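For reference, chains read A, B, C, D, E and F in written order, and residue numbers begin at 1 within each chain.
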Amino acid sequence: MDPNRLVFINGELVPEPEACISIFDVGFMYGVTLYESLRSFRHEWFLPDRHWRRLKRSLGYAGLTDALSEDEYRDALGKVLEANIELTDPADDIWVNIQVTPGCTFPMPLLGQQTSDPTVLCYTCALPHREYAPCYREGKHAVTSLFRTPPPQCYEQRMKNRSRFPHFLSKRDAQRIDPGAFGLMLDVDGFIAEGTGANIFFVLDGVLHTPKMRNILVGVSRQYVLGLAGELGVPVVESDLTLYDAYNAEEAFWTTSSYCILPVSMIDGRKIGMTYPGAMAQRLLSLWSEKVGVDIIGQAERFAGQE
Amino acid sequence: MDPNRLVFINGELVPEPEACISIFDVGFMYGVTLYESLRSFRHEWFLPDRHWRRLKRSLGYAGLTDALSEDEYRDALGKVLEANIELTDPADDIWVNIQVTPGCTFPMPLLGQQTSDPTVLCYTCALPHREYAPCYREGKHAVTSLFRTPPPQCYEQRMKNRSRFPHFLSKRDAQRIDPGAFGLMLDVDGFIAEGTGANIFFVLDGVLHTPKMRNILVGVSRQYVLGLAGELGVPVVESDLTLYDAYNAEEAFWTTSSYCILPVSMIDGRKIGMTYPGAMAQRLLSLWSEKVGVDIIGQAERFAGQE
Amino acid sequence: MDPNRLVFINGELVPEPEACISIFDVGFMYGVTLYESLRSFRHEWFLPDRHWRRLKRSLGYAGLTDALSEDEYRDALGKVLEANIELTDPADDIWVNIQVTPGCTFPMPLLGQQTSDPTVLCYTCALPHREYAPCYREGKHAVTSLFRTPPPQCYEQRMKNRSRFPHFLSKRDAQRIDPGAFGLMLDVDGFIAEGTGANIFFVLDGVLHTPKMRNILVGVSRQYVLGLAGELGVPVVESDLTLYDAYNAEEAFWTTSSYCILPVSMIDGRKIGMTYPGAMAQRLLSLWSEKVGVDIIGQAERFAGQE
Amino acid sequence: MDPNRLVFINGELVPEPEACISIFDVGFMYGVTLYESLRSFRHEWFLPDRHWRRLKRSLGYAGLTDALSEDEYRDALGKVLEANIELTDPADDIWVNIQVTPGCTFPMPLLGQQTSDPTVLCYTCALPHREYAPCYREGKHAVTSLFRTPPPQCYEQRMKNRSRFPHFLSKRDAQRIDPGAFGLMLDVDGFIAEGTGANIFFVLDGVLHTPKMRNILVGVSRQYVLGLAGELGVPVVESDLTLYDAYNAEEAFWTTSSYCILPVSMIDGRKIGMTYPGAMAQRLLSLWSEKVGVDIIGQAERFAGQE
Amino acid sequence: MDPNRLVFINGELVPEPEACISIFDVGFMYGVTLYESLRSFRHEWFLPDRHWRRLKRSLGYAGLTDALSEDEYRDALGKVLEANIELTDPADDIWVNIQVTPGCTFPMPLLGQQTSDPTVLCYTCALPHREYAPCYREGKHAVTSLFRTPPPQCYEQRMKNRSRFPHFLSKRDAQRIDPGAFGLMLDVDGFIAEGTGANIFFVLDGVLHTPKMRNILVGVSRQYVLGLAGELGVPVVESDLTLYDAYNAEEAFWTTSSYCILPVSMIDGRKIGMTYPGAMAQRLLSLWSEKVGVDIIGQAERFAGQE
Amino acid sequence: MDPNRLVFINGELVPEPEACISIFDVGFMYGVTLYESLRSFRHEWFLPDRHWRRLKRSLGYAGLTDALSEDEYRDALGKVLEANIELTDPADDIWVNIQVTPGCTFPMPLLGQQTSDPTVLCYTCALPHREYAPCYREGKHAVTSLFRTPPPQCYEQRMKNRSRFPHFLSKRDAQRIDPGAFGLMLDVDGFIAEGTGANIFFVLDGVLHTPKMRNILVGVSRQYVLGLAGELGVPVVESDLTLYDAYNAEEAFWTTSSYCILPVSMIDGRKIGMTYPGAMAQRLLSLWSEKVGVDIIGQAERFAGQE
């Protein structure tokens, strides 16, 4: 951790190594944290309005609408950008994470006696270029997890939250089987849901497919890619996908807010695609790069060695 | 919070108001905390071996077996007892919570780069007599939740963990509908699972019923009550229970490690039982009290006003 | 219908052909009728206490506890017996049906404006000897239905109620395929649940099996047979049964309050058993006959021609 | 009930207080009633063809195609209109309900001996303006039910039928929690299905969403609203909706044949929308009013005090 | 079997009566056979590219990509056509079946010791005109099966394979109930999936409906019919269909590679449609006939007597 | 394959390399083969009565009761023993497999025209000592499969059949991840079902647990082990087991008819047990060895090098 990097906690800016929360925070006690992850392009946060809209819905579903206002959201994002951006090369960009919890209860979470205001924290970090840059050219592996995404009648996965034990188990297991792999999670009916920290897309007969919204965290990047595909005239379908689709895809890729689009080269030991990024991913990345004025792969490769 | 009360964090004893963890702790980032709650009787922890056995299984399921040894577990429990017991009346008892996480990852949980040892923390607090003492005589209400317990193929609920968003949602909703109530959760098939922080028992035709282990946190108190019932010659069944059973029960009660047994007097607006504690709960509480040398209800009532 | 037979409706005794209810009765408007069917042995109702206990639970689950008291229940049963028993041969017996609804709403059930007291009605009829008597010696056929029993999270089937559209569909379809057959219903997981108006038992390797209580109307006769089996030292299991069990059973039989026990000789075109009643059914019927002082098969055969 | 209002029963017109059916009618005995509810606009039934088409399908699914012909349907509707319309103000309208059952069986429904022709009955009533008129401006509350809609493999909910015990339980529970509320029912997977007597729509990001047809009574009003939305150029989607959508909707409303469209202002204690009717509901109601030549809200408000 | 007809087995052409495989073939030992069925039009295989694409996906899903190359596929199809076509009238056509298994294991399939190359076999036969020709004018019956299609999380039904025990059970049962009928299978949720050897279509309100791809063998003929419908401007929907749709369809028909389109005239005893082929089937068959230069019904009727 | 080893096919004894079936056999065409695997002890088949009873039930469920009589079963087993036993060392034993199919259909399985009698075949082979002998001392690994066992409403897994595509997929995947491992399959709810060719047992708190019969092939060895445990006074439970139980078991082992009991030393990378065979497996194997007069491990180890 870097003492020069400052974290926003409840209005204060504190050095990263000192950034901590009370052990009585409900975010820690119940996994009740709502959050958003954004990255910058040319040192401006990308799509902050869409992230706010989603965060507002997460809070609304959880009954925590009052825990954070749009102004507070923008204020926190602005403060950490201002406080940390000089640590970053002008041609590079950064990542940010904003988290909200109901605050502390005491003495026991069971009792639900709220003893503080909601906790709002926001921290930045360098983009993980070193980890992801090679994957644009080599592809990333996926290992399907034995652990399924919780169905929406338990708690909605569209609410971006931190009760992510199934995702932790999935990631661990994926890495045990194939050390570099991401975990790919199915829903309780066996349909493909999402990666442990990313959405997934498949190209099947030239059509772009991605899982339905039913059981997934609906990524802002996922939605952005759907928009890009529309602009490119690529047909897109949200569908009930299974391993049959995954194993037979002409091309597959992950989307998330840091690396944007990352090709998949193998799923459960079956090779996917031939060149990386595949033709579809390449077209989408090019249009994305053009729109944000940053060569996404180029930036990642340039700064991969400097992390 | 009380600066005289000391919390054990990774071997250190720190005053309660200063007890905090890094925001990069996976316990906070992914809800990946395994834990146990125990209480003391006559200033000794109750059933620490059983709690260890369960914690070991929680760690085993999560692939975190090495995160905590039995010695470390006993050491932490011992240290917080010694450090805090003098804050407690000799005739009263305390509650303790021991929590383990995989430690910190940095900079982003997605990357899984472990940057610290596992986090082990342990804190005590006064028993919540003020909240529970009246319920022995009046009963506690229950409100069935719309949010279901996650099925074991997502993540096992027998693993006592802190990814408890569904429980948080259930508790909030229960309190919105009936302010003093506990939430009662069903599984995805609609069978009764558990309270948001307790197991539940029903008396039906004189037989003691409790939900099967399939979807629940299998409480140490639940198991202890099954043992007590055996000693009393009470027939006991673990079964697939529904609201039909709940609404028609002759008697119902919660079990948990703090208050032991707490009568239920109403479920979803339907009155349950006639006197509190009911005959069965009374017999179980009497035997329990006798075995531990503490009048459980008496202690709660005596210290309810002093919290 | 017989004008000499009197029906009890809300305290009045009216001739059968005139027995009717308002079209605004919620029993008709929503299928919200709770009921019990009993038969007499030697002109006394059989097991009225057990039927009351079940009816009380049906009312409790439906939130209609106040709609009928135990005294009113006994009074209605007594009145129709007294009013109609002389129509019956001293060696024969009768059947009775007691039904409770929330009463009328008006003008539309949607609005829920209760405009009357609960409806309580009770009618008797001759036992259907003509239909069932031959089946003791020939067996009754079963046809498995495409329509499944509603799961308990929709509405509990242990509550004996009149929202029985799936049972109607099942019975119709069974009779279309095999005119004399009863319908056999599966639950939504494909496990055997019950007949359209009876419970079912199978003998497998000498053990008596019957479906678990989870999805079925738990018949008073079913419970009585479990008791008889206990007295006879026959091992009994409530289990998850499938068509594999049904098609391979050594013996199968229905239980219900009118004919008590009726052998099954064919399921979905597969022959079941060799002689009827099978050995197990015969032992149970003998003990039952002995206990009630009526030769059950004998009575049915004697009066089959006189209906 | 009003002795001047005449009910059509099997070809006869009888005064409302005398309108009754035999207790042996299968509609009462098994909940086997198929029905339709229509209202008039300017004293003509609204969309009688669509209602007939649905009723025909209900009968077809139930195997009762011969129970009612289109001519008989139109005849019954015509007769009750003619017989009762003079009870209604020329500027007001009325509601009608036509019901079909298989007729009587005797002595016990179990035996299925049909002893009569099908029962056809048809009754009118005043529109419930007093109850609904204020809701156009204040919104109606919704409480999500613990009881789920039966899945189509049990009995199809698109068949408009009277085996509605789950709906009764849901309505009761909703009113217990929030006296003025409608019940909102989920299907067995936790997706939103329907109200206890209405369909539901949500506006999300300006798009009109309503549950898929899979588990619901597909309302004629629902279909009409889809058509209106099409004319208005409003994008419409039938989707798998959850409480996440419900709690975060910009606007929500019920549709049914009496009040047409009724705004929702609260769901499970979460406020929905800001003004009532919301912008979308207002546009739809205006177009609807225009098409039928009746100011729907205006009529309701004018006659609300006169019921 | 005809000794003049030659079967392709692993590169050899052998007379039909001698065509056999080792009992140690995994195709026999585990039901692990992937296959395709095609027919000819004017003595050329119809849509061999589409069949190859599906077979490749079947092999890909099963992890057997290397078992057959496209060249080998075309070679086998070509060889059996050449070897057998002279047995067929110039105006008639033939059917072909190409099957691939992993080859032999020995001594026990459990051990998985592959002892041979994959097995590739290909056989032709006359089209079953005698069986199907009358059905174009009379319709084919359907009987819904009690046995459900295995869900994709068990093994994907889009993979055309020979582990078809449920289909065998369904066909047997259908024929027991209605000797000429095809079996119609539902999925585990009760939605209509497919026939035991065909896809199914329904016309509802003039729209062509067919089950979603989720649980079915996605027939090449099914896809071809979707294309024809598109050319004819007929609206088409892939949907969640139930028996409600089946029983109320204006028209229904099967599609498969031999008879192309076959009208359904009865489902579970409910009459479907009025004339056969129905209007929609007729239009589709006409366009299909035109495109392939063969009068499909005419050919079937002409050669029905000569089989 | 060994030309000296003779296979029984439809009454004939043919050399193993020539043992084949028609490609038109329904066993190959639909995976419709019912079978049993037995081993000998001291050159006599072990428990042939129990295997017959199960085979009879498999045939009964499949509607193929007439395909094989008990005499034919015993005759086939007897003939292959007599014909092949001299190939086996007097101190060694052999394995046998008896398979029944409905016979051939022709020309296409779709048409169901049976053209032959049922196929009955029976072959023996050496016990796979080389593969299994080391596992008694080192344990066998297990890898949980992504592919689930088909639920009983599709086709009953208690019927021992050859439509085993899910098992093939599971075995392949297990071996891809951990070359020596067996696949462990879950049911559609995520409960542990069985290995791809074996049943599984776990020791938890000293109690022997094995999955319920609901979704599994109920092994004759499984049942025999339950009997042995009974004799040893070991408590046994058939339960809903999950990966939580598997990963935390004190001991686990497979049972099947060839190796009898084989210890599990690792599941999904988690180490199980400490010594192999574990204490429970050792006791069971000892009693089993004693009862059959063969030192099971000793025999395997002695002949492991000679296969």
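Following the convention adopted for this analysis, a contact is a pair of C-beta atoms (placed from the backbone, for glycine too) under 8 Å apart; a residue touches a chain by one contact, two chains touch by 3 or more.
Quick caveat, the model's predicted, so the values are computed rather than measured.
Colleague: What are the mutual neighbours of subunit D and subunit F in this structure?
Modeller: Touching subunit D as well as subunit F, we find A, B, C, E.
Colleague: By label order, what chains touch subunit A and subunit D together?
Modeller: Chains in contact with subunit A as well as subunit D: B, E.
Colleague: Mind checking subunit A against subunit E and telling me if their interface is mostly the same residue numbers on each side, over half, or mostly different?
Modeller: different
Colleague: Can you give the whole-Å distance between the Cα centres of subunit B and subunit F?
Modeller: About 44 Å, centre to centre.
Colleague: Please compute the C-alpha centroid of subunit A, do the same for subunit B, then give the distance between them in whole Å.
Modeller: 33
Colleague: What residues in subunit F touch two or more of the other chains?
Modeller: 63, 146, 148, 151, 153, 173, 176, 186, 188, 190, 243 - these are the residues of subunit F that touch more than one other chain.
Colleague: Please list, in label order, each pair of chains that touches.
Modeller: Every pair of chains meeting the touch criterion: A-B, A-D, A-E, A-F, B-C, B-D, B-F, C-D, C-E, C-F, D-E, E-F.
Colleague: Spell out the part of subunit C that touches subunit E in their complex, as residue ranges.
Modeller: 144, 146, 148, 173, 176-177, 186, 188, 190, 243, 268-269
Colleague: Write out the stretch or stretches of subunit A touching subunit B in their complex.
Modeller: 1, 7, 9, 19-33, 37, 62-63, 95, 97, 99, 106-108, 110-112, 115, 121, 123, 125-126, 128, 131, 146-151, 153-155, 161-169, 171-173, 175-176, 188, 196-197, 256, 258
Colleague: Which bits of subunit F are touching subunit B when the two form their complex?
Modeller: For subunit F paired with subunit B, touching residues are 186, 189-191, 240, 242-244, 247-248, 270.
Colleague: In the complex, go through subunit B and note every residue touching subunit F.
Modeller: 56-57, 60-61, 63, 151-153, 156, 158-159, 212, 214
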